[in-house]
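So the structure is just underneath, and the comments pick up after that.
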Amino acid sequence: MQRIGVFVCWCGSNIAATVDVDRVVEAVKTDPNVVHAENYQYMCSEAGQKLIRDAITEHQLTGIVVCSCSPRMHEQTFRKTAEAAGLNQYMVEIANIREQCSWIHKDKDEGTEKAIILARAAIAKVCLNAPLQPGQSKVVKRALIIGGGIAGIQSAIDIADAGYKVDIVERTPTIGGKMAQLDKTFPTLDCASCIVTPKMVECAQHPNITIYAYSEVEEVKGFVGNFNVKIRKKARYVDETKCTGCAVCTEKCPSRKGRNEFNCGLDTRGAVYIPFAQAIPNVATIDATNCLHFKTGKCGICAKNCSANAIDFEQKDEIFEEQYGAIVVATGYQISDVTKFDEYQYTKHPDVVTSLELERLMNAAGPSKGVLVKPSDGKHPHDIVFIQCVGSRDISGRGKCYCSKICCMYTAKHAMLIREKYPDVNVHVFYIDVRTPGKNFDEFYRRAVEQYNVDYIKGMVGKVYENEKGGLTVQAVDLISNERVMLDTDMVVLAAAIEPSDGVKHIASMLTASIDTNNFLTEAHPKLRPVESPTAGVFLSGVCQGPKDIPETVSQAGAAAVKVVGLLAKDYLVTNPCTAHTDETMCNGCSSCERVCPYGAISYIDKEVMDKGVREVRRIAQVNGALCQGCGACTVACPSGAMDLKGFSNKQIMAEVDAICK
Amino acid sequence: MNNEKALAEEVVSFSGTNPRNCMKCGKCSATCPTFEEMDLHPHEFVSYLASGRIEKLLQSKTIYKCLSCFACVERCPRGVEPSRLIEAVRDSVVGQKGADYLSPDRIPERLDPDLPQQAITAAFRKYKK
Amino acid sequence: MQEITGLMVKRAKELLEAGEVQRVIGWTTGDFCYDVTPAVFTKAEDLEEGKFVYNSFCGSNLSKYLIQTLRNDINAVNTAKAMAARKGENPDDIPGPGKTLVFLKPCDTYSFNQLLTEHRIDKSLVYVIGVACRGMADIEKIKLMGASGITKVIDAGDKLEVKTIYGDKSFDKKDVLLEKCACCKGKEHKYADEVIDPEPLPEGEGKGPMDRMAGVTMLEEMTAEERYAFWNDQLSRCIKCYACRNACPACTCMKCVFDNPRSGVDSKANVTEFEEKMYHIIRAFHVAGRCTDCGECSRVCPQGIPLHLLNRKFIKDINEFYGDYQAGEAEGQRAPLVNFDAENDVEPSIVNEKGGN
Amino acid sequence: MQVNENSKEFKPLIVAFCCNWCSYAGADLAGTSRLSYPADVKIIRVPCSCRVNPMFILKAFEKGADGVIMCGCHPGDCHYTTGNYYARRRMTLLFSMLDYLGVDKERVRVEWVSAAEGQRFAMVMNDFAKKITELGENVKLGDIRCKK
Amino acid sequence: MIYSYFPGCTLKAKAQDLDTYGRKAAEALGVTLEEIPEWQCCGAVYQQATDEIATKLSSVRALNAAKEKGQPLVTICSACHHVIKRVNEDMKENEDMILRANNYLKFDEPYHGETEVIHYLEMLRDKIGFDKIKEAVVNPLKGKKIAAYYGCLLLRPSKVMQFDDPENPTIIEDFIKAIGAEPVVYPFRNECCGGYQTITDKDQSDRFANKVIDSAKMKGAEMIITACPLCLYNLKQNTRDIPVVYFTELLAEALGVKEQEG
């Protein structure tokens, strides 16, 4: 006979507004096995938890049901509460009466009735719960960082400094990411390269950090503390160990048609190239699609000119495996596709550029050596128009529903830098809202307006078109004066929305980490666990989780690193005791369960079994608790029902079905 | 609820679109080819109707100036479709007043031998119920 | 038939006398000549004709019978060893169970393979003699066709000569075949240490005359209401005697869920209409992908419920959805329900799309 | 396009088995986003769609459920890599068998709902509840004698 | 290939060229256009109000006629295409409209938007293929710089029309290339010509038309082609030095069937 306590949470008015919590308590109070029931405003608060602890002691409860928010939110909290009161933590069940009841129903009667049924299902289940003891699994003391931008770099350095091995896997030929492409950073206007390249060097030189650039994660298996990852090192056709980064080959290469990704395609590069002078690793890469050798079988000029003998046309992709205890996703962002907004003529006119392209145009290491010129004719512009929110805050289907967060600030930065360097250039910014929360951010934006006379006009631009003079005309409305604005300009800069990198979906699915509708990785809790993925052992760093600027990215990277270090510092992890187990008297040894187990957790032994007074040797399935993840595939494959799952047993689930269908 | 608000809500409801999705970026007006011909502009139509005001819109000559070119519909980042709202206001005016904007006896003087039929049909459809 | 029976007895005697096998599993008759049941013979003299039979009523599948026989033998040896140890004797002096000879018809060998795959039989303890079969007769059909008071049935090639107390009758064998024989999968043994077949058929011949899916297709073409009525009518006759389960070579669980009070589905008698269905759905589902279509379930059902129509539905679906699959075709196959094809598997909604009525 | 007058009063009983990682999270997201669906839907959390034994579904019907829906991660996205592939086969065969027995095949359904698809979850549940309401009370599968 | 064909009132009167050449060219390309019997006006303007149904019924009739024949419905006039396509979309999705229209029209079998509505240009692109047209051309219009004028109705709203990228369409340019000429891309090709104001405010529509023409000329166009009778009229009214013609006329010319007896 169980002694069950039921605790109904109001969650302030979140639950109590739609569910009559008193009625729930009254209804379940007299149910069989229930010896105590009460409600409270916030069960998850310390006071609420104390209520539970006290009740456990006072009523000698053998199990508790908390009717509250989703178990994905607070199951852990209440398990700890139970543990503190001396109750096995697995004698706790949650009835989800918030997300799956009060928040989706309006009618109070209906909500209350459903809450009672959900509570009863949880009671039925908890009556069949058994105390479980978690096991242990070893932690591999090595972390994997996917993505070598500033987020990945910072996480790597912080983890490495704490004394753990870290591998960075970066898919482009160099680490550095978007930050290496930037000219200056807001709001301090310090040079981006000057702060990111030393960090890149630090990564390269750190004894605990290994950089796998031009590499991609191929496959992820395993679980927290013990991930088994396959990494593909793509063929560079250059021997990294020999290349000195002298760049002679890049100058001699006769093919000049490669799109220079680092300069956003504003100029071209050779088929053999080093993305930029400070690249890490500072080695050349051959882009086979443009290389004459790969196209025609001839050429080979790079090889002839390489004094280090590093060119290797025969190189092949290489796949290797490594074990990790934790994985940090730092895959960053990319500029969203602005070609869908061709009312701004991006695909038609070279002088319509994105902000990142402008960044390269203004960068001293960029295609124009830092001199601001029009891409069409290389001439000095006199008027520049910035258009904000291109593709952001857009629910029409063409863009992204979210605010990209960084555009207001970088546009103010661009406007200010241009006005400072070229006072003759008129700068106009068309905005919907100027959003500048952040330390010294609004002051920065105001400086652009007040000190640098940047012309901020409220109103989205309707259309940009080429005019008779070969320049561009911007058609808009000044919403403050309610007048038509027709501005002739030389350049138009689009503040394009940012979006998670291509490929992140694939990575998320390999990691079984969840992503939202915009492909941003989901955090385990939006407020309390913002740098963790709901998948144990996977952490989030930088824009892959949501738009953020450099300081925020660096903070999050550090936070993710701390979480990783916290994990790696443990020698063993407590494993989920909700694993499969077999009833020896019923097992037929038929191997069905073994075939469906994705973890290879089931093996067979010949064992002497006492059944109905007969002693006989049988082939019996055995579950390795450390490997079993508790999916339950085996339980259904088993025809005799010998295989069952702790915490989600056949009887428990059927009891829930019964309670719901009563 | 006062009459104006009730009428505004009615007009919004048969327009088939929701002006409250508007984030006030003004792109509808920015993109409108007839902006200069209008006394009240597309973004004002959206804004007025979103706040339950319609009197001024009923008097506006904008309802006869809108070309139904759907540029605002296409480019609105919020899917508001301002042209639907303008048309809905026009429908309610044309319906109420017995449509005096275009009268058939004024047609012949404007008739050009090459004018396609659709222009005449369309004009009547739009301005005279 | 007489000829082959003689060959079988001769070979069994040889093996028994040579000590190659310790026992023989075959068939014997009961009170009536058509009342044939599996039997174990341990002495050569017991194999005298009359006791050991192989006639047109040997439909039962001995592979299932084999499991329990093997278990009993092993347990007996273990018990003897334990006794010896208790008496202070050397348990290793107790001889092992030795081999068991089993006669398997071609269709029985599918079940045998399936049991090997599922580790239910230790191959090293069995000697399999495959015996030729030209189809087994259904006594119920013979009785339905007017024969009562049967005293003797004589195999005569394609005919069955039936002697009754009211006179003699003759039947075409093909008219009185068991359902499973009418749609026989073929005359080839899928597993055998040796085969006894005095008059082998040419390769590929001997398959049953009927399309085994005809019954399923006919039901599929009915409206849902008609199907519902059909099955209600059929399954309401079920007395839950479990004969179907007990005869089924795929139902070899140590403890069946229907006998297990902890499974949540056990019961002795059908209390509700739905329990009848539930039992049969679960029974068929548990053997889905493992059922070799040996037809034992229907053969043994005292109420004559066409249970094979449930199993064949699963077989047909599996073949259609996941490609042709024959359980027991070979040892070590991966059954369809413990397998998947990530790219090509159909979605469950196909059931709605298929446009059944 | 006739609306069944009786169906308005009929409140179906719907059991939804949701996998912990995708669909249950999707249900939570529907809740967080305040996307409503009928209270007739009651969710049972299972670790993975492959934990759903056909017996559970039959049991639910026996006890009087009018509809049973199983939700899991989209094929290819299973938290346990392959669970939903097995579930897919099991459910396909089970549903086909129910249809074969002449039972309303619309009473059972499988939907793949990811953790991000709160909206889809609500949509699916609304749609399913609507369908079950249209079908009315489950007579063929339910235990008639146990019904109140 | 046999398609149902909805010409519309203007093509039977002031825009006969659009129709005649379209038919000739189709024939030359092996396509049979079967005019829907007893078709009625498409409605001329698509009424956006959700409670509006009367003006949409004639389109539903045409759509149902094509459905009964089991053929896609081809249109040429931009206005007809716009109206019919949008009504068809309503008949797929708008429950209220589906119910009311079917209740009123009482077809043998209710209409649920089954008919595929395609514009003549889409037929060229998707059903025949521009490559095939290129092969069929006997009279390539070599070196001719032609500006495509799309106007509004074919492109917008793109979610419904699904005709081409509304801001950067290419279908007519591809068509121009297929008949051997050189397309001129200019900024105002998808801006409104002001057509609907022709009757009520001629000054305004003239101003708009001139913007389009100037923009095309700026980019070196020698000719403007369009699919819309109203656009054609409006542009023609405002230009003397640059020809404005229907695209079907050029197609017929390129296929060598322009002068053929219809």
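Letters A, B, C, D and E name the chains as they come in the text, with residue numbers starting at 1 for each one.
Keep in mind that, in the parts below, a contact is a pair of C-beta atoms (placed from the backbone, for glycine too) under 8 Å apart; a residue touches a chain by one contact, two chains touch by 3 or more.
Every value quoted in this text rests on a predicted model; they were computed, and no experiment measured them.
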Trace the shortest chain of touching neighbours from subunit A to subunit C and give its length in steps.
1
Please state whether A-B or A-E has more C-beta contact pairs across its interface.
A-B
Rounded Å distance between subunit C and subunit D, as computed from the means of their C-alpha atoms
37
Which integer distance in Å separates the CA centroid of subunit A from that of subunit D?
30
Rounded to the nearest whole Å, what is the centre-to-centre distance of subunit B and subunit E, using the mean of the C-alpha atoms as each centre?
25
Need the CA-centroid distance for the pair subunit B / subunit C, whole Å please.
80
Residues of subunit D that touch two or more other chains: which are they?
54-55, 59, 76, 82, 86, 90
Residues of subunit C that touch at least two other chains are 257, 263-264, 337-339
By the touch definition above, subunit E meets two or more other chains at residues 167, 191
Considering only the defined contacts, which subunit C positions touch subunit A in the complex?
71, 74-75, 78, 82, 117-120, 252-257, 260, 262-264, 286-287, 334-335, 337-339
Under the touch definition given earlier, write down the residues of subunit D that touch subunit C in their complex.
54-55, 58-59, 61-62, 75-76, 82, 85-86, 88-106, 108-110, 140-146
Within their complex, state which residues of subunit B touch subunit E.
13-16, 33-34, 37, 64-65, 67-71, 73-74, 81, 83-84, 87-88, 91, 101-102, 107, 110, 112, 114-123, 125-127
Complex contacts: residues of subunit A adjacent to subunit E:
339-343, 345, 347-348, 397, 463, 465-466, 468
Under the definition above, what is the set of subunit A residues touching subunit B in their complex?
343, 389, 393-399, 432, 458-463, 475-477, 479, 482, 484
